[in-house]
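Written out below as structure tokens is the structure these notes cover.
We call the chains A, B, C and D, going by the order they appear; numbering starts again at 1 in every chain.
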Amino acid sequence: MRRPSEEGWDRRVQWPLVVVSLLFVAAYAWPILDPTLPLALRRTLATVVTLTWVVLTGEFVVRLLLARDRWRFLRDHPLDLAAALLPVFRPLRLLRLLSLLTLLDRVGRGSLRGRVGLYVGASVTLIVFTGSLAVLDAERGSSGPIQTYGDALWWSVETITTVGYGDMYPVTVTGRVVAGLLMLAGIGVLGTVTAGIASWLVERVEDLGEQEDLEQGTAPATATDVQALREEVRRLREELAARPSP
Amino acid sequence: MRRPSEEGWDRRVQWPLVVVSLLFVAAYAWPILDPTLPLALRRTLATVVTLTWVVLTGEFVVRLLLARDRWRFLRDHPLDLAAALLPVFRPLRLLRLLSLLTLLDRVGRGSLRGRVGLYVGASVTLIVFTGSLAVLDAERGSSGPIQTYGDALWWSVETITTVGYGDMYPVTVTGRVVAGLLMLAGIGVLGTVTAGIASWLVERVEDLGEQEDLEQGTAPATATDVQALREEVRRLREELAARPSP
Amino acid sequence: MRRPSEEGWDRRVQWPLVVVSLLFVAAYAWPILDPTLPLALRRTLATVVTLTWVVLTGEFVVRLLLARDRWRFLRDHPLDLAAALLPVFRPLRLLRLLSLLTLLDRVGRGSLRGRVGLYVGASVTLIVFTGSLAVLDAERGSSGPIQTYGDALWWSVETITTVGYGDMYPVTVTGRVVAGLLMLAGIGVLGTVTAGIASWLVERVEDLGEQEDLEQGTAPATATDVQALREEVRRLREELAARPSP
Amino acid sequence: MRRPSEEGWDRRVQWPLVVVSLLFVAAYAWPILDPTLPLALRRTLATVVTLTWVVLTGEFVVRLLLARDRWRFLRDHPLDLAAALLPVFRPLRLLRLLSLLTLLDRVGRGSLRGRVGLYVGASVTLIVFTGSLAVLDAERGSSGPIQTYGDALWWSVETITTVGYGDMYPVTVTGRVVAGLLMLAGIGVLGTVTAGIASWLVERVEDLGEQEDLEQGTAPATATDVQALREEVRRLREELAARPSP
């Protein structure tokens, strides 16, 4: 159960949060995508990045303070926690965006598998674009092959699918940390896709078996069946009770 | 439920559609496989590609108009929709061939796992040959290593299996988009193969457990068991009713 | 059901077959592993390869003729069929060895998962060593990087695990066909390992759930429970019948 | 069941074992990480490695002798056995550390999936750091690209995730054996992650199905249902017995 104050807070800050997050992304991504920006604009954008980060982390702290069980809250929101603490690693700051997925979760409806699929699809898209930005920021100017956003995007795709041709690869430590996170994400995606198909297949095969059972009378007796039987015995007792004792 | 007009249309156009699709493939693939074709023939083939595309897209529009619930129809036929809309990206036009798989689905019979296996096998074969053509069309003349159909085919195989040696890789944007689609297909294939084996294994293990349950009398009571019991109680009531009241 | 003549044949030829298969491997592998063999020995070994292949294919034909339903037999023994027909592709002849796995299957006992694991382990080992020989035979003398058996073995391992660094890769058509088969095997192995773990995990989680059900009385009623109830009702009827009618 | 002497031994040596293992790692890793150590210190560390290995193997032998069924003990502790026998391959000695996971297993509590996840996480971390040390020890001084610990760590990560860019790869036999073990570990990790997600998804989908069954009365009759019915019949018999015979 969530306390009323928590829910009220969530509802009120939901959309402002999305706006601040997008502002953060724009201010973070622009100087990476266009390295020829004048110094003044570059500085302004850096300030915006710092300010938005302060706002986002502040909001997380407020939610933490409003939470009934704070340890549980931290354990249930590892992405938000990482996003609040990680900014020391500058390019990883973008992981902040992942908390947008939590918004999606607050809104999402539909079948379990459909929601898992939506979640995975949104995560992958976000992670690929985020990872490309972060790796480009780390690698530009190094001796590695990743020097444009196009290359970085292509590298993200071949990394998250674990193909790894080797035409693009990071050479800096930060770039390799980002790569490791992308690979982990890739293993998770592979696992979830497989699990989704397996769960669908197992369910369908079981449904077919149950239908066969129903047709052959070998389905397990349902609670309704036993209920009917109980009714039968009760009526028997009533009939017996209705007869006059000899 | 499908409306009669829909089914009639489907039956009538099935085979003409296959012929037109094959014509499309031939006219698309020939100039890619043999880059030394004379200009006149090259132009004729380009016209055939355009005409067959018009016919195939037209057929899709007719089926869309005949459909009862048009949004549902679009959602259920994403491949046909993509094939109708994507031709702006020329090399992706070949995805049109994927709708042949829908024909397969209309015809296919057999166990669920067998049908899924057939579907995956046919898809992979089609995707590998299609992807090779598309990537060759995009890469020929670029500075990348993929310059012959043999190389393109080899590249498709190592991409869809996510091996990715790196002896072959695309360098153009279109080539990389095709590569991304192949990788997605590869993840899907891996997932489906795994899911198929897992579903088989889970089913076998459960069957063995059920057999053991049957032998030890710990199988769940079936509806037939309870039915027999109910019969017993009914006969008891009849016997009671047959006795003269004292 | 197998006919007596079939079973008798199987029992009698089992061990001679293993000997002939090993002879085939030795005669096939030796000239590949040592390219400096004198011509005379090389020719003798080629003759041995041909003779053993004739014997192995002949045995397959005899089993085919003894089989009751020949189409079914062909469908159930795809590896034997491929081994009998494929020898046109010389390096693929080694796949003949895979039929040894069928022997394993005739002998194997134990839990389903244990047997699947044994089968996968033996297949992978055989495929890796076989694939290395076949690819070395195809690649030696080409411009590719695979020139020693050590390199070929290392290449097989990184291919079947779908890692594919790209330090080794085939450049000939035959080598690439062998690579494709190894990749397919790799996908199968990944799938089976995953499926085995998943099936174990699903079973354990279900067992825990069933134990909880038993403790809380929410386990499904077993056939034994209903049997006991039926006994109760029968005794009631007997007691009633034993009373003198009024 | 374990014999009292076994359990007593386990409890007493648990923490000393961890200390000795860490000593082993330190003495093994230091000269690999810093190749400029003076010869005297290098020799001392080699002696520590040998001594700690003797202690660890001795402890394994004691546990083997205390075990009731020794073959079973060997089969249930393959990692300990390998760690005791493998030291011939010097870099593989580090696998000794894997027995720390057995300690974890003796202590671990929680849900099955949680424990499997913890086990996999700890194994992967240990394997990546161990594999990096072993491969660096084997590759340093060779013509291969892996020459610093940073490179070795990066190589381990891209190998265990089966990405394999090809910027780093082993060229020595020992390095390739370590790589093979890492790839096997990678396949196991992929499989376990997928299996965990699949098992969660299957369980959730089944739970939803059971809830629906409960609401519609189509859940299987529980043992409690049948028990209640039996009670009903027993009361009927008692009532009948209480009536005076006519």
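Some points to look at:
Just so we're on the same page, a contact is a pair of C-beta atoms (placed from the backbone, for glycine too) under 8 Å apart; a residue touches a chain by one contact, two chains touch by 3 or more.
Quick caveat, the model's predicted, so the values are computed rather than measured.
Shared contact partners of subunit A and subunit C comprise B, D. Interface of subunit C with subunit D: the two copies contact each other largely through different residue positions, with under half of all numbers used appearing on both sides.
Summarising the inter-chain layout, the chain whose CA centre lies farthest from the centre of subunit A is C.
If each chain is reduced to the centroid of its CA atoms, subunit B and subunit D end up 39 Å from each other. Averaged Cα coordinates give subunit A a centre that lies 28 Å from the centre of subunit B.
Under the contact definition stated at the top, the residues of subunit A that touch 2 or more other chains are 162-166, 190, 194, 196, 198, 202, 220-222, 225-226, 229, 233, 236, 240, 246. On subunit D, the positions that touch subunit C within their shared complex are 112-113, 116, 159, 162-166, 168-169, 171, 173, 176, 179-180, 183-184, 186-188, 190-192, 194-196, 198-199, 202-203, 220-227, 229-230, 233-234, 236-237, 240-241, 245-246. Put simply, subunit A touches subunit B in their complex at residues 150, 154, 157-158, 161-167, 189-190, 193-194, 196-198, 200-202, 204-205, 208, 213, 217-222, 225-226, 228-229, 232-233, 235-236, 239-240, 243-244, 246. Only residues 162, 164-166, 194, 198, 220-221, 226, 246 of subunit B touch subunit D when the two sit together in their complex.
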